[in-house]
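Which chain is which? They are A, B, C and D, in the order written, and residues in each are numbered from 1.
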Amino acid sequence: MRKPLFWVGVLLVVLGLATGGWAAAPAATGPIKIGFMGNLSAPSSLSAKAAATMAVDEMNKAGGILGRPVQLIVEDTKGEIPKCVEIYKKLVMNDRVLAVVIAEKVEMGVAGMEIGAELFPEYPHIFFSTIGSGDDIWHRVRDNYKKYRFGFQTYYSTSTNYLKILAGLNSEVYKDLIKTKKVALIFEDMEWTKPLRKGLPGVSGPLAEVYKSKGLQVVYDTTVSLDQKMFNPIFEAVAKSGAGVIDCVVGYIDQAAFIKQWAQSSARDIPLYIWGGLAGMPPAWKMTEGKVNGVMIGSSMVRVAITPKTIPFMDNLTNNYKVGPIFGSHTTYDTLYGFKKAIEKAGGTGNIDALITQLEKVEEVAVLGTIGWDDRLHFNLPYPKYITPIVQWQKGEMKVIFPKPYKVADYVSPADLRK
Amino acid sequence: MVKLELRRDRIVARWGDWKSEWVIEPRYWRNPTIAITALFLLPLLVQSYPHILTMITTANLYAAIAIPLALQILGTARVNFGPQLYLGIGGYTAALLNLHWGWSPSLTFLAVIVVCGVIALLISPTTWIAKGLYFSLITLILPLTFLDVTFIWGDIFRGEVGLVGMSPLLNFTKVSWNYLAYYYLSLILMLLYLLVSDRIVRSRLGVNLAAINENEDVARMMGVNVDRYKVVCYVFPSILTGIVGWFIVHTFRTFAGVTYLPLEFMTKVLIIVIVGGRAFLYGAIPGAYLISIVEDSLRAVGPSNYFLFPLVLILLIVFLPRGEGLWGLYRKRRPRDYFPKLHVRRE
Amino acid sequence: MLEITSVTKTFGGLAAVSEVSFSVKKGEVVGLIGPNGAGKTTLLNLICGIYKPDAGSIRFEGTEIAGLPPNRICRLGISRTYQIPQPFEAMTALNGVLVSVLNGKKRRRMSLSDAVFEASYYLEFVGLFSKRDTLARNLNLYELRMLELARALATTPKLLLLDETMAGLNPAEAERALEMIWNAQEQFDFTILWIEHVMKIIMKAAQRVVVLQYGKKIAEGPPEEIQGDPKIIEAYLGARYAQHP
Amino acid sequence: MKEILIHIALYTVLWGSIYLLISLGFSLICGVLRIFHLGYGVTFVLAAYLVWTFMEHAHLGLLPSILLMVLVQIGFALIVFYKGIFERYLEEEEVLLSLSLLVFVAIAHLANYLFPVTAGVSLPTTVVDDVLTVGGSTIAYQMIVAAAVGVLVTVLYVLFFLKTRIGLIIRAVSQNLLAARLMGVNVNGMYYLAMVLSILPPTICLLVIAPFWGVDPFMGSPLLMTAMLIAILGGLGNLKGSIVASYLIGFIHATVSFLFVSRFMGLAALIVTLVVMIYRRGGIFAGETLW
């Protein structure tokens, strides 16, 4: 007598659960949901998370987007692809977010984008990758626009622009500031440096050739692996090669060890130029016991007003959100503002394709210049729109030495600095 | 011509004068039936939460890696610390063949079996050469070497990005159907592995494996051809693990060595084996589920979960019944089951 | 049946067995005695293939078995028991015997349950059937020895190597064990090469006795002669007394 | 060419000594307890972050905080690792291994949670902050110091094990536990001592290499890998073996990076180890003894 009742109850519960949760597509009213995914044990992701939270808070203070509140859903991928896939589904299929921001290593971004492409026809949404470097994200858009059109990449640059734009800037720096024509190239053995090592077919030759065409002379080049700890042999070789500057296309290697060993090697008088990463963060001085003195690096974490937004952003982030800005925080913050403007332009979130078109058109004042995305390839507009100033560590602080408009100090050779 | 005859308590299969008997014990059927039914009905509950479904799918895959590992530990009498090597090999084989030569999943499936089999066969002599701990160490190093290779030959393995965009196993019109189907596929895969391993453990082979696990030399003295069994027990589970890699490739459709080859992944699998019940086939399933669920629910507490998760695992290992893990909680052994030990330091 | 000719085995410097040669005829019971460290067990290990002799040959029914893997030798029909019983501790007595039933000789087509029947027959024979489902680690010494015997019998040996089967048994158990062995020999008629310390038993049991000392064969012959030989009494019993004053 | 040879010789010695310092404690535990201490990496992490904590948050001087750190280290090793894990699970290796690995992971993540890279953790332990130029190659004095310390510590340990009575007992324990027990050795005490002894080299190591090495929460695992490689190559827990293996790996690294590309240092070492493992089972000195 009791049992059947019990089973009926169970059945009802099951049915309830089963039928529940099938909400409609992202609601055209109510809060605008944005999903954030990152490996919350990695400083970059943490800082990006803080930046995203900050952006959302500011938007809500300013009355939200089109009067609708913005809601940020933060999820932790633990840096595992299966988890990443799982969470992406959760965000898109259950929380019905309008946009997913993956602020993590590129393999996560790529994995997420694949799942996104699977879901997109049924669950229209926008996908942003704000830390993943390399080309795999926008290459997808380039190769199959229809399938991947919902994907946008915001990073300081992509290898095309590295080769086409930044290489030129670097060569200016070397020739005009450092006054040398001999370059030693050090690549880290990762995917994102491959176009720079091997060149992009149809777009540009490898970095070495680009430099040659700019009148520089590459006297030495090598690759280092991520788990490498001993760099002395490289510096010995560099010193022997008589290079005038060491151009390090590295972002993920153990930069503390790298710099410390550089500062105590025969190459210590040859200026070190690092493309990005840890050495560009304020704590770098402390971490290296001041051995970073004289190192040049492309860093966005320097207090120089590129736009009116820059200084407030950094202060707010460090004071109220207790994380230093690291690579990834700026891009995430700017991405969300670009997204906001695009929604406002599109006049709502009802039609995803209208939104995508707006995202391709939008241009918004950002922390590092102007945020906006290439209307065909969906990576953010490069220099001079989006600027990563080149700074040099001088006696404990980062001084911008390039580009001209933001320059606050002159280049000083490491030898002089050491005195 | 195979003749089947049903006796009171067993099925007897005869083929010429070859004879095999499967003992049927309905008294032991209840709980497995309940468990399997529950697993098959589970989607009804979580159907509308695809991420949970995915989580359980992943858990199934973990179990599907842990079960062959348990079998391997039993048969080779050594603890393999690098089962993920074959996950990597299988995954990359499937992905590369599918991407570059457009092989269909069914073809890549065969390819994975062949490749994993050959490589495992080449490596298998270490099971005789290396003593216990050394074997564990060699197997520990191999995947790391492979990981380094995926970076060095970035043109092929695409380093940290990994291979992307392999053709999916299934393609229904509604993605949620796909995920449902993947859940069932993974479940079936896992149960299949369990069934096969269980059959092996309860067969003549199983008895010999138990003997090897107990004491190789005495087993030899009893006429057991230890070396041959060891090779079999190294190669076969390796192939099974490779197939899991193939499955991952064609369901997640991205495969990067950096996620599957490092130590962390192995630790997870090994801990699944230990928590579930040391080297005990069935334990792998509750172990995998428990650990996946614990990990997922811990994510809620924020960044601190990274050090809380290992702590929880430590507690699990310390406070579950010594050696028997969750399975030991479930029931005490029947005498005719053989309950193997893991000997890492074995000579 | 078993011819051992000038077999030598050295570990590092010292020769555990040197230039030993004797032979065992079918149906015989040969005793192998000698003080501790005389190389008896080494010789046994050489015969059943755990060690490979450095020199000399061991022929079993005409086939050279020196250096063959133990499992091959076992298949040829040589089986042994251990001085210190080495059961499969975590396995039940039945399973332990099962292993040798399945592998003792080619039994491709035997189904597991048939093997179980046969195994339980051997268990029954040595009187352990009641213990079939106890784990070996819970058996007492006598039962372990019997289990070893059962395991050895289950491989259907032609030549059975007994390594101090009586050591550590009380007289009553020793008697029963002895009975067991005789019954077994009648029933499965095999040849026995028997290492034993308990002189009384070996002298009763063996038709021929080989005496080892420091790895060398110092005498061979029927028990009464051996007992008569003063040299041996000195060497051997001296050692014994030194052990149990 | 001559210059390159000088380079190789130089760096073989330097790196070899440093690797020796890294791996000494590990092989010690291997040798005495006959177990594989996968939690070894914790020592480095604790060393760095405890000193940092004491200096930054307790505002102690460098030396006091180092002393305090050593004490805490020893306490941690004895209580958590020895009492908590090794003693209880000495016979269940797989539990032992995974538990120590888990402790390692937990500590690393805890460190990462409390002091992420952005906290700028560093150790001001530079002894001589200058470079020395010999034979056309420039070497940081700090590296020479580290190498010297490495050799020194090793010599001290070897002497301790060869000359002193306690050392003799420990060797006895490592060779034949049962016999040692029968001889009335207080085995537990020896194990405690071994644990303590195994803590010191990595701690010292971290302090001296910090000036030219990166300090981050996850630095433990590469160091552990190095230690493991050397232990395997040398023959588990044989000090002779680990000395030889350290310089061998140093040599491999130096040769590969000066004659070939430094990118392949790690891989080369791995491959050589694998080959040695397969053709010379049990490593270079395959004796089941400490020395």
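Definition applied: a residue touches a chain if its C-beta (ideal position, glycine included) is under 8 Å from a C-beta of that chain, and two chains touch if they have at least 3 such contacts.
Because the structure is predicted, anything quoted here is derived from the model rather than measured.
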Chains touching both subunit B and subunit D, listed by label: A
Longest centre-to-centre distance from subunit B, chain (CA-based): C
Between subunit A and subunit B, centroid-to-centroid distance (C-alpha), Å: 37
Subunit C and subunit D, separation of their C-alpha mean positions in angstrom: 49
Interchain centroid distance [CA atoms averaged], subunit B/subunit C, Å: 42
Two or more partner chains touched - positions in subunit A: 41, 46, 189, 225, 227
Multi-partner residues of subunit D (at least 2 other chains): 109, 112-113, 263-264, 266
Multi-chain contact residues (two or more partners), subunit B: 148, 152, 303, 306, 341
Overall pattern in which the protein chains touch one another (line/ring/star/complete/other): other
Chain-to-chain touches, reported pairwise for every pair that qualifies: A-B, A-D, B-C, B-D
Subunit A - residues contacting subunit D, complex: 41, 43, 46-47, 189, 222-225, 227-234, 236, 239, 254-258, 260-261, 264-266, 268, 278, 281-289, 323-324, 326
Residue ranges of subunit B in contact with subunit D within the complex: 79, 126, 129-131, 133-134, 136-138, 140-142, 144-145, 148-149, 152, 263-264, 267, 270-271, 274, 278, 303-304, 306-307, 310-311, 313-314, 317-318, 322-323, 341-345
Interfacial residue positions of subunit C with respect to subunit B in the complex: 48, 50, 69-71, 74-75, 79-80, 82, 86, 88-92, 94-95, 98-100, 102-105, 108-115, 133-135, 151, 155
Residues of subunit D touching subunit A in the complex: 7, 11, 15, 109, 112-113, 116-122, 124, 126, 129, 131, 133, 137-140, 142-143, 211-216, 222, 253-254, 257-258, 261-266
Of subunit D, residues touching subunit B in the complex: 34-36, 92-95, 97-99, 101-103, 105-107, 109-110, 112-113, 221, 225, 228-229, 232, 236, 263-264, 266-267, 270-271, 273-274, 277-278, 281-283
